[in-house]
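In what follows, chain A forms one complex with chain B and a second complex with chain C.
Here is the complex of A and B:
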């Protein structure tokens, strides 16, 4: 498929991803703005208002009291519940962090041979769950004060970087003058390694996003119970591999089945397949 | 068998990477964007101490930013600016307080960024509504960025002063938290921590 064809076929998703930017990232942050208005909060509406990570950190770090009344916790719960019924549509259709790295990857004219793509979803899952277990371990170690360690939540925060970059783009240049070591590492991991040098540009989402892992776990349970998912019909498949090339999260196995632990229901595969071997819907 | 070993290795790799990232963050975090808690009134914080009052006890300590203790990437790519931050200002006293903040002895330029669910006047650096006893300012985020001139970047003492919090109505000093930005070997920060 040409770039134009890809854009045409996936136009609704790309529009949705752009909309996600305005919904979640300040100074627009429409959802945070609505929440602040509803709760009477005077705090600046930013991407941090609905932090993707801290409530997960609190949950495993024994700080359950912090979850009560936290809009970020409600947001995460909503994303996970949505993933149960519809698949991880937040990741695939709205997340500004994922969309920026995916956009950077797609916009960079780098030959595919210079980009990493792990062909075996089992290995990708190993890397993904290794991080998640590590994330839980760090949350517990920090939360229960087991050893001297710093949370990986805020010290390696893509939301913070994206929000600062958005502030810079909208005229607040001072927002991009301060970088700490963690933010420099994160910027490089998120946009350069995970973005430009990984096929699909979703390296950060795959290997360092705890909300992504929770969403996919929820989706996997939902799939077993017959909820919405991308399903593969082997009878229609002509082995052209366009689905595998198009998948930004490397969720399609060598036998062309879709791994629910990695799929973000972006529907790139359903749109790329000329034989309609992939379909989004409910089924047992 | 080989595939299973690869998967286990992959999982172990990212697990260790995450643990390593946390350990490294605790190291450079002692001198980069140090997060601290503030209780008012707490007096002059001359040494690490546990502040007791209304609500849960709070740990406070003088802040020492050792520029040499920062991560190498920071030192190479973005050395001329360092920050400190708080998300917690708690009134541990018995009466509502209108809090005014001041950075004492600001010998280098300092940029303030304040976001809070309490009206704030950036000109006088005062929260214009009183903070009730036992309460913290909700949704608070205050960052102070020290803009270090190039010719002072390697001074032994770059900044020596502190954060003074006073009662905007009476002028009474509530809390003084000493802050030092310096260059030295082997200094350990008495504060530090994460943003949550």
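Here is the complex of A and C:
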């Protein structure tokens, strides 16, 4: 399938991802503006209004009181509930952090043989949940004051980087003073290692995003209860492997089954398969 | 009798154990040395390393293959 064909077949998702940037990232941050207007808040509308990480840190760190009245906590709950019924559509169709790394990866003319891809979903899953458990462990260490330290939640935050890059594009000086070694390393691992040098450009989403892990856990439960998911029909499959090549999250196993712990319901496989072996829908 | 974990699951379990063991270390090291407050010349620099090392170990065979190809192109 040529690049033009891929864009044509997935045009609605790519448009949705562009829209996601304007919905969540300041200075546009349309959703944050709507929330600020509704709540009468004078806060600057940015990606931080709907932080992906802090509420998860509060939850596992025993700071439940911080969750009360938190717009970001409501947002995370909504994303997880949506993933239960429809699959992780936020990750696949709206997330600005994932869309930027995926876009950078797709726009870089690097042959696939120079990109990394873990073919065994068991290893990808193991690394993904392992990093998540580590994130929870640190939240607990910080939250329950097992060791004396400040929160580590924002130390490697790609949302902060994306917001500051957007600030830089609109000429805000804070975008220059923000940068430090930690953020540069995060930028490198997000867009270069996780983006350009990983097939599909979703390396950061796969290994470091706690919201992505929660969404996929919710999706896995929803799938078992018959909610929307990508299903595979072995009778129609002709073993062309186009599905595996097109999947940005390496969710398709060697037997072509879709792993719900990794799938972001982007529907790249359903559009890439010439034999219609993949289908998105409800099924028991 | 010890439960036998099949090959594929065993690999996944190892990946999980290694990643879960290194991430807290990766996050705690910079906190204890006071990174992100400006004292350290490489604030946050050390915390990303164990996570990157885990990825490199997990993908080492693919990296070797890529390195061979890149060298082939250069030569």
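As a working rule, the second predicted complex is superposed on the first by the 275 of 284 C-alpha atoms of A that agree within 3 Å, B and C clash if a C-alpha of one lies under 4 Å from a C-alpha of the other, contacts with A are read in each partner's own complex, and residues count from 1 in each chain.
Convention: a contact is a pair of C-beta atoms (placed from the backbone, for glycine too) under 8 Å apart; a residue touches a chain by one contact, two chains touch by 3 or more.
As the structure is a computational prediction, the values presented were derived from the model and not from experiment.
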Clash or fit, chain B versus chain C on superposed chain A: clash
First (chain B), second (chain C), both or neither touched by A:8: neither
Touching partner for A:185 - first (chain B), second (chain C), both, neither: both
Contacts of A:41 with chain B and chain C, given as first, second, both or neither: first
First (chain B), second (chain C), both or neither touched by A:116: second
First, second, both or neither for A:57, with chain B first and chain C second: first
Which of chain B and chain C A:133 touches, first, second, both or neither: both
Touching partner for A:177 - first (chain B), second (chain C), both, neither: first
Touching partner for A:233 - first (chain B), second (chain C), both, neither: neither
Chain B versus chain C as contact partner of A:241, first or second or both or neither: neither
Set of chain A residues, in rising order, touched by both chain B and chain C: 120, 122-123, 125-131, 133-135, 137-138, 141, 149-150, 152, 155-156, 180-182, 185, 207
Touching residues (chain side chain A, partner chain B) in the complex: 41-44, 48, 54, 57-58, 66, 120, 122-123, 125-131, 133-135, 137-138, 141-142, 148-156, 174, 177-182, 184-185, 207
Interfacial residue positions of chain A with respect to chain C in the complex: 113-114, 116-118, 120, 122-131, 133-135, 137-138, 141, 147, 149-150, 152, 155-156, 180-183, 185-186, 189, 193, 207-208
Chain A contact footprint on chain B (complex, rising order): 3, 6-19, 21-26, 28-29, 32-33, 70-74, 77-78, 81, 83, 111, 113, 115-119, 138-139, 141, 143, 145, 193-196
Contact set on chain C toward chain A in their complex: 8-9, 11-24, 26-28, 30-32, 35-36, 41-45, 47-48, 51-52, 54-55, 58-59, 62-63, 66, 69-70
